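When the chains are written out, they are named A, B, C, D, E, F, G, H, I, J, K and L in that same order, and each has its own residue count from 1.
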Amino acid sequence: MSDHVYKQIKLTGSSTESIESAVKQALAKASRTVKNMRWFQVVDTRGHIENGQVAHWQVTIEVGFTLED
Amino acid sequence: MSDHVYKQIKLTGSSTESIESAVKQALAKASRTVKNMRWFQVVDTRGHIENGQVAHWQVTIEVGFTLED
Amino acid sequence: MSDHVYKQIKLTGSSTESIESAVKQALAKASRTVKNMRWFQVVDTRGHIENGQVAHWQVTIEVGFTLED
Amino acid sequence: MSDHVYKQIKLTGSSTESIESAVKQALAKASRTVKNMRWFQVVDTRGHIENGQVAHWQVTIEVGFTLED
Amino acid sequence: MSDHVYKQIKLTGSSTESIESAVKQALAKASRTVKNMRWFQVVDTRGHIENGQVAHWQVTIEVGFTLED
Amino acid sequence: MSDHVYKQIKLTGSSTESIESAVKQALAKASRTVKNMRWFQVVDTRGHIENGQVAHWQVTIEVGFTLED
Amino acid sequence: MSDHVYKQIKLTGSSTESIESAVKQALAKASRTVKNMRWFQVVDTRGHIENGQVAHWQVTIEVGFTLED
Amino acid sequence: MSDHVYKQIKLTGSSTESIESAVKQALAKASRTVKNMRWFQVVDTRGHIENGQVAHWQVTIEVGFTLED
Amino acid sequence: MSDHVYKQIKLTGSSTESIESAVKQALAKASRTVKNMRWFQVVDTRGHIENGQVAHWQVTIEVGFTLED
Amino acid sequence: MSDHVYKQIKLTGSSTESIESAVKQALAKASRTVKNMRWFQVVDTRGHIENGQVAHWQVTIEVGFTLED
Amino acid sequence: MSDHVYKQIKLTGSSTESIESAVKQALAKASRTVKNMRWFQVVDTRGHIENGQVAHWQVTIEVGFTLED
Amino acid sequence: MSDHVYKQIKLTGSSTESIESAVKQALAKASRTVKNMRWFQVVDTRGHIENGQVAHWQVTIEVGFTLED
């Protein structure tokens, strides 16, 4: 975090397994087009329920990445 | 909201008529370039005043859309 | 608001037309079983998007009602 | 918004019809004594319920106006 | 989320294992009496400590369910 | 707070005397129908004014209670 | 709260005795110049410490009053 | 901060130079009519952009002053 | 509050009697080891319930004290 | 702010000198690719420490710009 | 939580594996010097990204412990 | 930020000159006793007013430092 400029984007990933897995899925998809991702912050943790059970975890993160020169 | 990854962007629309109309104007413009918009959340409702009356409603929304594969 | 005790419940109504209409729909359904509703506060305003347009307004309110003696 | 100084006051208007109308009623009354109002922000949206229906919308706004020289 | 009305309730589940497990425990108990649960949001994550270690995870969620006709 | 599941409800009590008394009044009424109340958190403290003096204190609390097996 | 317009002002009262007493002191002073005060909300509770003990309670409230016609 | 009652007002000052200068400009204008100002708190820091550069800093403060006897 | 540096710590006191008493109990204990305490802010007010009644008030405060030279 | 639609992006700039300079650095970089930037709001002010001193100020802003027709 | 006084401290733990593991790491280190830790609350969940993947989870907690007599 | 555990403390520095200077003063004093400080976040910016002018800037920061092994 020296003299760079960072941009933050907001993503929501989902997973049937865990909060961590939902975050990873969001990063995996974003990494196809966004380079130089440096950090994230979890800003919302939700989920869908089917038949009284968790069907998907849905986790929203803000991701910071370096704006290239 | 199954196994997709969503991105959220923040937009402000304006209207001389109503809060609902300001939201619709923002979505109309965004829909020209953003596909697969799924939901929005109102995060700020403001307005400009001229001669003691509401000149424009200005409504800021966060819009979620599916990142395509 | 004299010496009563109030309970607050959280409801989400939806409408294809307006924010006000979504609130009214929530109250209409709640009034079938809840008596003595006195006030509400809007705590979240969202919506679903289909084909780039608002499909439904979804408004979450907290409703206060008197606990009967 | 050049080199002016603004003051903000907090008002609550009410209306039997709509959120927008409650805001307009607050501005109409304030404009009798406050000059140079420039913008507002909605900070609370509430209402009173009678017989299971919305009796009044009550909308609280912060209004900014220019302090005259 | 079409034209239904939803009610939200606030529950706290606990687990000796994980945050996800605490959420599941809360839903399991609620599903005995509440039908048509659709989504949840995590609003607080806490825990108890015994002998310097996590004894229980305690996770508070808001759960939305459809009000039946 | 071992392996129980808790539900939280939101209540507003009022008193002409004190904040503490308004909380106690809310609990007294709730205890007629809700068993196993364990803790509360004050989330709003308001009051009504008549003739320039406090007429009632109105205190809103969230109350957690054990869901019985 | 029928069709009136309300203005809200922010005051801080202090007392050596209690939170309630600090609120009352603020209202007592305001009532000399402000008519038609209707409600207040406590927004901050602080205090000064001298010799390890509470010297003053300082309570900040927002007070709503009717704008006269 | 002994036994006084304080009132707080909300002001926005602007400056082409710095955040501190915007605060000072707001206080300079307010001091023409408000006596006994004691403290302020910065509640919002914004700015206008022209040609990709900061044109004005706009800083909103809450200012507390003693209500005279 | 001249040119000193202050540190803030977070404490929770409890009392069977009142909110004020819970704050005093926290300060009484802290004053044994912390010198130069100057102010506090109430950041959370909770309580435990036994047999449908308030068993303890639990009040969390942030306390500011001067760092000595 | 007439009938335009605005988009807001979130950027973090850094500077060894001041908060203002960190904001300017973020805008300077963004202006290479984003046209029609109109306003910003400071949403986070942080910094890195080396050897007990501020090494960099890191300021996060939201920047609003006009979506072109 | 009877008549004790509690102090809260803020810690950040990290882990390459999970949110739960980051919390445990923070408690493990703190337990070397802090006795009588009773509860924690998660207040921030972040992480570092390397090569498009989560490198570390970083979880910030507030930990409450009994002040000994 | 690899596998360390961090503790955060809350400090308020003051300065007659600027916000940046108040932060530096707080760090200068803390660095006498706290080693390995890594980052800070500004959480409150206030000031005292004398004769209608800023007498001191008072800036509250949270400072994170590495807990040594």
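The rule is simple: contacts are C-beta pairs under 8 Å (C-beta built on N, C-alpha and C of every residue); 3 or more make two chains touch, one makes a residue touch a chain.
All values derive from a computational prediction rather than experimental measurement.
Chains making contact with chain E as well as with chain I: F, K.
Counting only chains that touch, the fewest steps needed to get from chain D to chain K is 3. Centroid distances from chain F, each centroid being the mean of CA atoms, peak for J.
Copies chain E and chain K of the same sequence differ in orientation by 120 degrees, per CA superposition (steps of 5).
Among the remaining chains, the Cα-based centre furthest from that of chain C is the centre of L. Judged by shared residue numbers over all numbers used at their interface, chain C and chain D contact each other through mostly different positions, with under half in common.
To find the repeat of E-K among B-J, D-G or C-D, check which pair has over half of the same contact pairs by residue number; it is C-D.
Work out the mean CA point of chain B and of chain L, and you get 38 Å between them. Averaged C-alpha coordinates put the centre of chain C at 44 Å from the centre of chain L.
Computed from the mean C-alpha positions, the centre of chain I lies at a distance of 22 Å from the centre of chain L. In chain F, the positions touching at least two other chains are 9, 18-19, 30, 48. Here, these are the chain pairs in contact: A-B, A-E, A-J, A-K, B-C, B-D, B-J, C-D, C-E, C-F, D-G, D-H, E-F, E-K, F-G, F-I, G-H, G-I, H-J, H-L, I-K, I-L, J-L, K-L. Within the complex formed with chain B, the residues of chain A that make contact are 9-16, 25-26, 29-30, 48, 56, 58, 60.
Residues 18-19, 44-49, 52-54, 57 of chain A are the ones touching chain E in the complex. Residue ranges on chain F touching chain E, taken from their complex, read 1-9, 62, 64, 67. Those residues of chain E whose C-beta lies close enough to touch chain A in the complex are 18-20, 23-24, 27-28, 30-31, 37-42, 63.
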